[in-house]
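Here it is: the structure, laid out below.
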Amino acid sequence: MSAVDLTVKLGPLTLKNPVVTASGTFGYGTEFSPFLDLSTLGGIVVKGLSLRPRRGNEPPRIWETPSGMLNAIGLQNVGVDAFLQEKLPALLPFDTAVLANVYGEREEEYVQVCERLDGARGLAGIELNVSCPNTAKGGMEFGVDPMMLERLVAAVRRVTSLPLIVKLSPNVTDIGEPARAAVAGGADILSLVNTFTGMGIDAEGRRPVLKNVVGGLSGPAIKPLALYMVHRVAAAVDVPIMGMGGIMNAVDAVEFLLAGANAVQIGTSNFLNPGGAATMVGDLAEWCSRHRIGEVRELTGGLRT
Amino acid sequence: MSAVDLTVKLGPLTLKNPVVTASGTFGYGTEFSPFLDLSTLGGIVVKGLSLRPRRGNEPPRIWETPSGMLNAIGLQNVGVDAFLQEKLPALLPFDTAVLANVYGEREEEYVQVCERLDGARGLAGIELNVSCPNTAKGGMEFGVDPMMLERLVAAVRRVTSLPLIVKLSPNVTDIGEPARAAVAGGADILSLVNTFTGMGIDAEGRRPVLKNVVGGLSGPAIKPLALYMVHRVAAAVDVPIMGMGGIMNAVDAVEFLLAGANAVQIGTSNFLNPGGAATMVGDLAEWCSRHRIGEVRELTGGLRT
Amino acid sequence: MIFSGTVALLENRDLGHDNFLAVLDAPEVGQSMEPAQFVMVRAGEGTDPLLGRPYSVARIGEGPNGVTIQLIYKVVGRGTGIMAGLRAGAELSVVGPLGQPFPLPEDPQVPVFLVAGGIGIAPFPFLSARLLAAGCHPRLLYGARSSGDLVGRDLFPPGIEMEVATDDGSGGHAGFVTELLDRHLAALDTRTRQRAMAYVCGPTPMMAAADAVLARHESRGHLSLEAFMGCGFGVCLSCVVPLVGQETGYARICVDGPTFPAGSIDWHRSQSP
Amino acid sequence: MIFSGTVALLENRDLGHDNFLAVLDAPEVGQSMEPAQFVMVRAGEGTDPLLGRPYSVARIGEGPNGVTIQLIYKVVGRGTGIMAGLRAGAELSVVGPLGQPFPLPEDPQVPVFLVAGGIGIAPFPFLSARLLAAGCHPRLLYGARSSGDLVGRDLFPPGIEMEVATDDGSGGHAGFVTELLDRHLAALDTRTRQRAMAYVCGPTPMMAAADAVLARHESRGHLSLEAFMGCGFGVCLSCVVPLVGQETGYARICVDGPTFPAGSIDWHRSQSP
């Protein structure tokens, strides 16, 4: 087992292993200290940060669905300044790549948040959450319009030299298009998928189950859809990929690597199995050694079709 | 219970109740005679028909996923002529609306199949499956390009006076667009959703699990996504809707009606609970009477938001 | 560290009226548990249902490997339904202890009321044991729809005075349990009343009512709130509730609660749909 | 009508080496069941796993409400794993009887071989009972990886001759069970050999090998094929297999099979990935 090399290189970003926790499902990291040693993880993506603190949506905010969950948290977060002052320093003692997930309602907001993050001590990279409604464009998601997306990524690219990850929305006809646009804008890495737009209805109450009416679907239910999208993006572009969507164990992670991902992110799984991400690191090494794979990166795109 | 009026009118199509079985999950109907009385159903959509018989894809063709299944049957079917000669007459004794689901690789194929179906004795309507790859356009799905879709629907509209249902693909950025296009082309009714494109991977074998590599995801896993799309299409267009995606029981059906559907289709559920569609008719009536709803159509769009 | 792992079900006793007592072989959880803290439990195989369900710990018992934790639960949906179908020997996935416990009164001589509505009885056997040990003399006021729903009274340590209320009048006071609380507080002199302490657990409307009673009598109290919980340890941000004077944000019931001091919940803003 | 509904598990006996015998209180299913027919079974709550799993009926027994159906199953994945965890009293959802049975030999005097590989033993106790009743004298040739995997031999009616083979040589013939079949057929005179009948059930490679042996000796036989099945009654079109001489289509294992006459499968085209 010790023989397996788990390190992965995603362009400018090197991770000690390919297991990264996903934004919005891992708090600001330290919430998980009672369950695992953060230093075992390849990386941590923190909760989406906006320019100012946000209180989020009114509850109910989540709903359980068959093998999945809908959420409409509304990006409740402490804001970028509190993150830099309080949350990021608390992660300095840990040997893991800390990635900031960034949210904006307008292009300028993304740029401003990234300007503040650029050069922050202990920050390994920035992930742009482009599944946000663009208030200047009538609420359309940044991530679904390739031109808008390329412009946004280029604008952010100008203000930061940190590794730049663009997290793609799956709510599109062909995910290859935003993938190419993000790369054209200057993305170093693509991560996918964010949640699928969905809705739950309470038949008894004849009401949407979420106060926000619509929410994002995550969890094992979406795994086949996410795997397909990773496979497709891997064929469409040449940059490294972080794959995610319903990963619950090391075998699921291997599937994403085989589909073309260089690393994976663990989301919903953290809620029900808070120590799970760390377990997966060990299990992945074990899986590799059992299959005589010396370097985990050999798995990437290793699908025999 | 007997007091509940279950009839629904979808433009030119009147159904005795809103429970219809979905194409590809109910054979040619009579396969279910050992499990239920076909006359209890509001309608039956038969397996997708092409101009000539099709043998379908090589196996493996299906794969189970968390709360769902992937399929890549490849539209194995007897062809429209055998349907008219053998399958349709066998359904004449039953008091249910028989709907033919039509598949084509080119616009002309759709038109030719529909020409033959038009006026067939015992046929209540035609449903166009537009999630088919257009071989003339390099394999792009008919259903994802609004212009191509409108043209296709208009071409079919010219050759048949039967109630025309267009079944929308969910693999689009905004399902409102193909919905409007289908209506502009002359669709009487929209049905949605068809399956979501997905993929499964066998980590041990490092292979896609389906011979066809990609397949369509159906079942409870997609229910929240389908509900959202029905809700969205109901807001976008003014024609009646048949909603589907993961319906397993009468409460699920009520949710789709509340989201804006006038009738529902039952797909994957038929595989694991072959008598289930008939049970749902009774359960739906019971649900309505328990909630003092005299006419099931009151539920359509009855969501309090 | 908080325990997260698999534990064995040692006993799953039917208490009647869809209520059960589950005994779990979970010494790592039980040893540091406090009253009103809870565990997240997943029962059954597969990913449907996906998320854990929160349960208070009703009792700490003796077990083959140290202490056991004992849960009283009522079957209301899928998760509880699956749990009710398990036999001794089944494995459950458990995370805990979680949440803020009920703080014990500083002065054991003050009147202490345990106000339970329905399955809100769950944390009180454990709390009672701790209160007795601290020299308090708690009185249980227990309300339910009907007398058959008044389960678990035999799980309390001896020496707890009990009064019951039922909506249908089939047992004890015919009416709400908060009316019993109101009466008891009203019977106290002002100074005693202001030092009295109530611990409340039950459905949300009952807790709002109890909170109003406590405010009217200027009595002290702690409420243990309910919410659908996605994680139970503060990261999914699903279980939020607005607090009085905190107009710009929310508390998380799972980590800031489930116990909150009486008077701290902004009931007006918290009404869910 | 084919039964589709919920039945009770009466017994779930551990046969060792991950094999179990499940006894189901399913008189509606059992009364019209024939050997090699199967049932689709869903165990556990929720929609994950979603689809039923096919199991042959191994025996028809006596039960409280008429006949029971008895399944021998091996834990290989999620569905079988969940089933193994169930206790008597649990409810299972069952559809059946399904599929085409093994046809009995017209002449009871011909040599009859039952060729089982691993859990392919499942349909043979039931078939043996029917063969004995028809005056046949079947001989069971039973192969498995190791002698511990040779389960269920005590489920056969008395009077069945048995020979075993193990891959690791830990019991009986060291090698494949198809080698035993080959030997037996080779020992017969040509006319008897051509009238001999073999019933084969086991993993796909073993069935392809048996089919080749039967072809070589010009003996008759029926194979009971395996496939992942989405429905079990012919509508999902998942369980397809190409037949010899049927270049433009497929047979469905669930309704056209699971039993097929020897020589009818196009093994060349059927190789799955």
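In order of appearance the chains are A, B, C and D, and numbering begins at 1 in each one.
As a working rule, contacts are C-beta pairs under 8 Å (C-beta built on N, C-alpha and C of every residue); 3 or more make two chains touch, one makes a residue touch a chain.
As the structure is a prediction and not an experimental result, all values here were calculated from the model.
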{"item": "For chain B and chain C, chains touching each", "value": "A, D"}
{"item": "Most heavily contacting chain pair (counted by C-beta pairs in contact)", "value": "A-B"}
{"item": "Inter-chain centre distance, chain C versus chain D - centres from mean C-alpha coordinates, in Å", "value": "53"}
{"item": "For chain B paired with chain D, centre-to-centre distance based on mean C-alpha positions, whole Å", "value": "36"}
{"item": "Where chain A and chain D are represented by their mean Cα positions, the distance between them in whole Å", "value": "47"}
{"item": "Residues of chain C engaged with two or more neighbouring chains", "value": "46-49"}
{"item": "Residues within chain A bordering two or more other chains", "value": "66-68, 205, 207, 219-221"}
{"item": "Contact graph of the chains (line, ring, star, complete, other)", "value": "complete"}
{"item": "Residue ranges of chain A touching chain B (in the complex, touch as defined)", "value": "65-68, 70, 144, 171-174, 196-201, 203, 205-208, 213-215, 217, 219-225, 227-228, 231, 246, 251, 254-255, 258-259, 287, 302-305"}
{"item": "For the chain A and chain C complex, residues of the former touching the latter", "value": "25-27, 31-32, 34-35, 53, 55-56, 59-62, 64, 66-69, 71, 73, 76, 205, 207, 211, 219-221, 248, 268, 270-275"}
{"item": "Chain A-touching residues of chain C, taken from the complex the two chains share", "value": "1-2, 4-5, 40, 42, 46-52, 93, 95, 227-228, 230-231, 233-241, 248-250, 272-273"}
{"item": "Of all residues in chain A, those that touch chain D in their complex", "value": "66-67, 220"}
{"item": "Sites on chain C touched by chain B in the complex", "value": "46-48"}
